[in-house]
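Have a look at this one.
Order of writing sets the labels: A, B and C. Residues in every chain begin at 1.
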Amino acid sequence: MSIRKKITSKPWLPMLIWIIGIILVWEIAATIVSVTKRTPENVLPHLYQIFGQIFSTKAVSSGKTATMLVLDSASKTLFRAAIGFITGTVLGFVLALIMKISKLAEKTIFPYLMLIQMVPILGMAPIILSITGDINTSRIVIAAILTFYPVATNTLAGFNAVEREKYDLMYSYAASKYTIYKKVLIPYSIPYFFTGLKISAPMAITASILVDTLQGDGGLGSMLSQSLKHAMSIYVFWLIVFFSAFIGIFSSYFMGFLEKAVLPHKRKTKIKRKDDAV
Amino acid sequence: MKKNTGKLIGLLCVSVLTVSGLGGCGSKAPAPTEKAPEASSDAKTEQAAPKTNEDILVAAAQAGKVGNWGLGNEYEVKALLTKYGQDTSYLSQAFDMDGFDDDSITLASAMTYNELGLVKNDYDGGYGYGDSVNVIDMNDEGVAMLEDNIFTTKAFAEANPNTVKAFLYASIKGWEYAAQNPDEASKICFNYGSSVSEDHQKYMASEVKKLVETDMSGNAVSDIGNMDEAAMKQTLDLAKQYIKLDDSVAADKLSTLTLDDIRNTSYLTEALASDGKFDNLEKTDVSIQLKWLPQAQFMGYYVALEKGYYDEVGLNVTIVPGGGDISETTAVNNGTVDFGVTWVSNLIAANAGGMDLLEVAQIYQRSGLVLVYKNDNFK
Amino acid sequence: MSRKLKRKKSLWYRIHQNEKVQSAETVLLPLLFGFLFMIMWQTQKLHTLLHTDTFTLPLPSRILTIIADNSDKIMLNVNATVIVTLAGLVAGSLIGYGIAVLAALFPKWGSCGLKIIAAFNAIPIVALAPVMTNWTKDVSNHADIRSMVAKIMVVTIVCIANMSINAYRGLTELKPFSEDLMCSYAASKRVTLIKLRLPNSVPYIFTALKVAVPSSVISALVSEYFAEYIVGVGRQIRENIVLAQYSSAWAYIVVACLIGIIMYAVLMIAQSFMLKKRA
């Protein structure tokens, strides 16, 4: 009895059941598809077929196996995603800072930040290319544009969440504006900043995959579209779908990990809160 | 109660996994047997009175099941539809042949060297229809338009005439070698980071050879790269008729374009007449953007690179794969790359839109586009 | 307090503090900025700044001419895109909210399920759209209908995760002690849900929609790239870009932006109306 209770109270159990459930649904659907469709691997292959490809030694393109191909192109994509993400983050933070310093700037810029999100940025790729003159720079610029918004809005929300009393305290110390930013505003906004990062990190990766398709010279996005054209094994496509989802989730958790490393006190308060609850 | 549910779930998991496993195994086995009756039924249909291309096209068009990729690849299909008095609308075909496979498109566009091979053959990525499919050839129907060429901007050609000639000389040499040795050329392409399997690469090389060496009426071509006057004229006329532009300024410009606005034969003539020695190269580091992914469709350039033909004329060439949303016309126009490979119709549309591009050689001498259909669907 | 008294209130300061002036500023400043931007664009100052030409970045007057010339064709494409966006947005938000309610009722299983749904957000649209096109092949014999279903499914999936996560927060992050209060009333789970959780989640719904509206427009545009039936603003943008017809492409880009802006404006109006009523 107690053993069963121990197992059922484990926090990972629901997750495990969920994953098993999804695998079940997938496999049932894949079984139906494999009977009804002529080319089931294009519609919904079995999971073991997809993951079998990881260990397959058959060369699918220029002497590379499917796994090598995916990892190879992933390194290009992730490199661009990382640079785009860092640029976007810096841009977002600076914009938030500018908007906090000047109310005038906030009122003028903020609606346009919203607007940039509505522009089909892929359509603007030729313009960005003609400005930067280099396809990889354009890719990074677009990835940065697609990712800065969550950072900017969340950080600004963090600045605005600072209570009146904190200002009053700083004023009573006759602190300079610079000191107020350094000692109060920026530290206070860091958790919000990380919330923004957690949203924008997976976005940077999907954005980077999207801009890979601008040109066919490698990267997950171009491999994705190439394998869709059936010129090489379609399983490369499925591998990339799973891989990109995994990396996206991982990146978000990685930001959470970074947050804990940077802000140990937050970790403590969280633990404390948990104790209170118990 | 809870214990039981757990057990039940466990049981269900195991049973479903076994069933799906069995299903997975089972689905592979019947595939070859499935094909056998198909082939035999085709034999019968071929004996029965064959339908004309017109019957097939009309039937497919009435059902709304003619497919093309669009994005500037559709003009020949539109011309053919018009020729037989049909409406020019078509379905957007994905860059695979699944739509053809499941009959949502019964008359699908295919390039002889690419999609047609996937439809017929049964190597990785192929559908294995063999001879149970047939094609309508654009060249036979008189609506062919010229495809892969070599182009640059007018400004670049005027500023770097020797570089253009040297590039043409080496590229044509590469194409000549590739056309004579398609198997070797396909291997070279495969090693240069190809996007397709080795088998398909080999098939592609053999088909591309035909497009490079024969013209629209099926005669042998004297010079690779030659810009045939009549074929260019036919392409331009069809382009004027079927390229529809929303921008009135561009549409006006399109209607006034002449052959001299889109091509210049002098660079090629001088390059071929030369002895292969080019002095005073204005630019030695040049790049060429392909129209599509790296594959044997562009084997001439890869052969020239691999065999050192570009080095011999003093050029350092980078081959940039295409197939993305930044088209080759855009990339050449804004100077990201120096040369490009595109279809003549795309070059015409780009020039109408305000670019100043110039064709300097015509590699493919006939249209590689066909409409493919399953015999069974048009008995 | 003493600080405020010391400072002499200038006229400028008092005008600035006026509520009406402030709300006018929120509208006027962006408009002024936009107006200046347009002037720079039309007079080609922008082109010098970005080192580009009027071919890649056509003048606003030219773009507007093209929109006016092709209004019929554009409306046809706008219709298709708007139907897909709205249908996907509504379906995705409803399903997402439903999932959130279920998750709030069964928190142990629900919170885990939400994490898995969030994982769907990490799948790029470029991968999702072709898969959906393949999955909807049997929906209808008419390509226009099955393409629309595929596009709506892509938008729906994009909206579900966003809505369910936000709504779940709205349903569970209640005001302190309000849940205890409901407990002390011996309120059933159902009553707590209707009287406490659902009203509490309304602002969170709007937070979710503010993200969902732009992302649903963008995903509708991208899914049109892969759809079988050729229609939609996104498809037109791509066709024109590939064919190097930048002026026409820009006309459709402007139209796409307008769709997003109008939908967002409607949302903001709805929000102020709903939240004011509650207050």
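Operating definition for what follows: a contact is a pair of C-beta atoms (placed from the backbone, for glycine too) under 8 Å apart; a residue touches a chain by one contact, two chains touch by 3 or more.
Just so it is clear, the structure is predicted and the values come from calculations on it, not from any experiment.
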Chain of greatest Cα-centre distance to chain C: B
Between the pairs B-C and A-B, the one where more C-beta pairs touch: A-B
Centre distance in Å when chain A and chain C are each reduced to the mean of their C-alpha atoms: 19
Whole-Å gap separating chain B and chain C, where each centre is the average of the chain's CA atoms: 38
Whole-Å gap separating chain A and chain B, where each centre is the average of the chain's CA atoms: 36
Contacts with 2+ other chains: residues of chain B: 94, 98, 102, 325, 330, 334
Chain C, residues touching no fewer than two other chains: 56, 130, 134, 137, 238, 241, 246
Residue list for chain A, restricted to those that touch at least two other chains: 17, 42, 122, 125-126, 130, 213, 225, 228
Chain C residues touching chain A - in the complex, by the definition given at the top: 3, 25-26, 29-30, 32-34, 50-53, 56-57, 108-109, 111-113, 115-116, 118-127, 130-131, 134-135, 137, 214-215, 217-218, 221-222, 234, 237-238, 241, 246, 249, 252-253, 256-257, 260-261, 264
Chain A-facing residues of chain B, complex: 2-3, 9, 12-13, 16-17, 19-21, 23-24, 26-27, 94-98, 101-102, 114, 118, 124-125, 127, 190-198, 200, 290, 292-295, 320-326, 330-331, 334-336
Chain B partner contacts - residues on chain C that touch it in the complex: 55-56, 62, 65-66, 69-70, 73, 130, 133-134, 137, 142-143, 226-230, 235, 238-248, 251
Touching residues (chain side chain A, partner chain C) in the complex: 14-15, 17-19, 22, 42-44, 104, 107-112, 114-115, 117-120, 122-127, 130-131, 171, 202, 205-206, 209-210, 213, 221, 224-225, 228, 237, 240-241, 244-249, 252
In the complex, chain B residues that touch chain C: 64, 70-72, 90-94, 98-99, 102, 104, 243, 245-250, 325, 327, 329-330, 333-334, 346, 349-350, 353-355
